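I've put the structures underneath this note.
Both complexes shown next keep subunit A, but they swap its partner, so subunit B is in the first and subunit C is in the second.
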Partner chain A sequence: MTNALDSAIPVACWSCHVAQNDVTLFCPHCSKIQPAAAGDFFQVFGLRRAFRIDPEELEREFHRLSRKLHPDRFARASEREREWSLADTALLNDAYRTLKDPLYRTEYLLKLEGAEIGEQHAGKNRQDPSRVPPDLLEEVFDLNLQLEEMREAKAAGEADPVLQANLKEAKTKFEGLVEAVDEELRRQWKVWDEGNAQAREPAKTAMVRLIDRRRYLSNLVRDVTETLGA
Partner chain B sequence: MAYSDRVIDHYNNPRNVGTLDKTAQEVGTGLVGAPECGDVMRLQIRVNPETQVIEEAKFKTFGCGSAIASSSLATEWIKGRTVDDALAIKNTDIVKELSLPPVKIHCSVLAEDAIRAAIGDWKKKNGVGESAPAAAAAAH
Partner chain C sequence: MAETRVVGIDLGTTNSLVAYMEGDKPVVIPGVDGSNLVPSVVALDPIPANGNRPTVTVGNSARRALIETPERVIYSVKRLMGRGLEEVKSELELFPFRLAEDIEPGEVPRIQLGELRFTPPEISAYVLRQLKRNAERFFGAPVTQAVITVPAYFNDAQRQATKDAGRMAGLEVLRLVNEPTAAALAYGLDRGKEGTIAVYDLGGGTFDISILKLRDGIFEVQSTNGDTHLGGDDIDNLLVAIALDEIRSEHGVDLRAHPGAVQALRKVAIDAKVQLSAEPAARFDFELPNGDRYQREIPRSVFEQLIEPVLNRTVNPCKQAMADAGIVPEDIDEVVLVGGSTRIPAVRRLVDDLFHLAARGKKPHIELNPDEVVALGAAVQAGILAGASKTTEELLLLDVTPLSLGIEALGGVVAKIIQRNSTIPASATEHFTTGVDGQTNVAIHVLQGERELASDCRSLARFDLKGIPPMSAGLPRIEVKFLIDADGILRVSAREQRSGKAAQIEVKPTYGLTDEQVESMILDSFDHAEEDFARRLLIEARNEAESILSKVEQARANPAWDQLRGEEQASIEAASHRLMQMKEGDNTAAIRDATLALDRATQRLAELMMDAAVTEAIRGKTMASAAEELDEDVTAPHPMAPAEFK
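Our next item is the complex of A and B:
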């Protein structure tokens, strides 16, 4: 996905032929629409790769570019340009959806930076026990047992107030742990955004682990919420 | 993605689901988890102190069908083996037996890790060192 960028071969605007180093939806020189290139989502908005972005600025830029890409503006353009406007709109929407969500954005940028997250790396790093949150295993296991008990009690039409209270307490606790992960993620964002290559590597590794941990925790919160609410 | 018949069989009729007394001297408990998918697996063994044969194996797994099938199969395989023999079981054996697709290979890794963790716990409890390094090396 990033190959087109890594090659660093300047692409010339099809209309004015001025070379562009960045992937842009419109030529900065002659303002003509450009075909959607295999760029990264940050470049779509003219942003540097960073974990921290200004959400308001992102939204403004999204609306500005959306208006510029509106089909009405291409009613009398060439067929080629009309097609590009559709493809660019799809790219813009994908980019906006990904970047505006802090978690999607974090995962996306980590992947851009070569990190493997989620099922991608499952089973590969088995020599690295730190990927598994062992401090939580016991609690996670017990919580799952309680959830199972609760579901069975419900299926039998019984209500167990003690169990229910336990699960509510567990839910609050795990929500707190998710919040702690998010706080640490924000700290690592800053380290990466402001650091040099040397500082970025450990921050990247830390964030991959935090994302793993967060997924684990938020799945649990989801399961508890479902069981309590159903 | 369809599960193989063997996975479905183990999933519908899991062998050896249950709990052993984890405080018992002859019981080893392995608790492992995979953060990628949220699976958590507990595997327990009861070892005969004289023969070092695993006489009983129980598991409880919260996870997908492949994770349940992998741990069910693991308990079946280790029962009746000596601990050193059980350490020779590799996740690839489980993959083959259950015809696990590539995206589910980590389930078999988890089961292998659970076996190792349970045996490790038993060894620690009973002061057993790496008595057969050759066997342990062959398992890797």
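Our next item is the complex of A and C:
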């Protein structure tokens, strides 16, 4: 697999004008840095699109490319090369940040594959009943009541050990649900990565739903943690 | 030309230092007085009798003026860098400086110093210029490029102000490096270690915590946090405030009306603080203007109680940094202490608690002088940028942006576009459109900070996208690219996608100087200009001499040398010898003359070498590649240095 930054060679090198078909980050003729070609984050790392990535290998490749591209390596180079180094490195960093995190990576690849993912902040509107996963309606309703009670108790400076214990229990339960989602996500990753176009479509749909559910759950957990800790 | 050196500068709240790479080791460059530390204090001398602009002094001599002419001295100016009027006002409540009157809103605040007024970057520029001079004296050569350190938690405006100060001092700032990261670099260099390290940096005015992962020579910052308003100054202020209160109640004297006396008291307080790091108690003994003595003993236990609230303010940033890095104290292999305030035993205990050190049989690293370690690290980064040494070749720093970047959305809410702790350079692309038919301008408000509401974040700049082709509302699609560069400073570019037109961007930084303002504040335009210029000429003349001498030395090995007649060789020898003698002296004109003489004596040698190079280059090569090499090689053995004197 070639990689977008390594293969960022235009028809001819800007510096020595030698046309080049081989893929390399620096012109093989005159060794000058080349501007980044447009590409997705997977191409930046020379990876085929997949939900499962070896984090060790990703880090090694990130370090290898950083060594070559970072603006520190071009502090005294020409203005043009410094600009390219800056743009190339920003792209590399953005790509690494997205791909190393399993959730960001999943959302990113789903979007690349044309799926519609809800807004980042959608979870904030938890109160909106249409967003609550149907199987959790009742529990979420109870939890919200308890959270409200807890906040009021805190504001009044009262300790309510029973409520505290209940919330802790709820937190553990919802954390368990998040883990279950992650488990299922990993299963769907495998299905998509190894499947043909026909197998991929239902996996994609399942993942979009799982991501939505996960975001909802982790916002709940965050709220409980904040209310308990504050 | 001798190779230009890149120096590393720690521009501190209390003290500043300059360092460089001596081979593969960073070394601090001392000042004329032999001291490594230059106090970050700037004083304005009295107006001379001839009515000229008064001289500015920096460092220890300026510090002495603090007590005699406090209204003409400024210190801790780092606390004011890149700050708006309101922030400076609240900051100044604790310091004896006065703001210049009649400052327009949105203008960079100026501090009144005697009869003149200066912006904070100008004051810092004086400190930087002193460091630059110290380095130039040390090398006997000009220094024009530097790496300057800033607190990791500095925001965009504070970083920009620091860069401006460098430019005013005649320094090209090749990189701003975060102080804790620099410290890690200084330590990492010695040990070639791998693992996770935390750098706890409590300096004179700022606190930073950074967590880094070291691997294969790559220093990857995982997270950073801090407080740009927390440091040793706060401890001094506490001690001074208590003493002032006690003096008023016990002796009926309000010293606040005597800035000189307050400064003297501050010095006594600082001495007591330093003493308390080593002794169980310290004595305050201070003579009041009325001849009374204020005497008091402070046991360490009382001191520690007093400063506990200050030190505790470092706890949350540390916890947040660990949470952001996704680690617990047990994951941290080493802790590095930086900054003079980490000498305080109570600080060490706090660090020990925070990172569970003693429990794991570990101790924090204090091997490198906490006052110098940041400057040493800056020198290492300077070496990396200069690409000069084997030691630094394998090293690379990957730093992060300390604060999230966002834009103001409808209802005054901040939409984050680059999260804090993102590795820099980092970028984000956003799309904007118009709300009214035919609208040709779109205003974007950029903010930095973690809060939800724009009013709670720091306003960075307002961008006005202009020249949007008139279209129905919602139709234009303006792509705006936000990029945080390797210095942690924001750059913005925009393009209207339907027309393909690059939108013009007008940037109005909320706090900051325009390019023209910075230009007008470049220091060497006044004050010592004459003397500096003479010195610069001497340094340049010596460099030219060095350069031509080394080229003549190389030319002796060239076949062209043997083609010279005996008397031609002899006259070159004589001219070389004379130049070697002259360049040891201080006579700029004599050095120039001797350089020109050697230049003339080597004219035919140059021609012979040029001929040989051309013949060599053309033989068996295409014209294009020969021309390319000529560009390199013909000039290289040419013994004529660019000896242009005006």
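Just so it is clear, the second predicted complex is superposed on the first by the 173 of 230 C-alpha atoms of A that agree within 3 Å, B and C clash if a C-alpha of one lies under 4 Å from a C-alpha of the other, contacts with A are read in each partner's own complex, and residues count from 1 in each chain.
The definition used in the following text is that contacts are C-beta pairs under 8 Å (C-beta built on N, C-alpha and C of every residue); 3 or more make two chains touch, one makes a residue touch a chain.
If you're wondering where the values come from, they're calculated on a predicted model, not measured in any experiment.
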| query | Touching A:75, do we find subunit B (first), subunit C (second), both, or neither? | reply | second
| note | In this superposition, the partner of subunit A with more touched residues, subunit B or subunit C, is B
| Where does A:216 make contact in the superposed view: on subunit B (first), on subunit C (second), on both, or on neither? | first
| message | Output check: A:137 vs subunit B and subunit C. Expected answer is one of first, second, both, neither. What do you get? | response | first
| Can A:165 be said to touch subunit B (first), subunit C (second), both, or neither? | neither
| request: Spell out the part of subunit C that touches subunit A in their complex, as residue ranges. | output: 174-175, 215-216, 218, 381, 384-387, 396-398, 422-428, 483, 485-486
| message | Looking at the complex, which residues from subunit B come into contact with subunit A? | response | 31-38, 40, 42, 60, 62, 103, 105-106, 109, 113
| field | Complex interface listing, subunit A residues touching subunit B | value | 118-119, 121-123, 126, 131-134, 136-138, 140-141, 144-145, 148, 212-213, 215-216, 219-220
| message | Please output the residues of subunit A touching subunit C within their complex, sorted ascending. | response | 63, 66-67, 70-73, 75-76, 86-87, 89-91, 93-94, 96-97
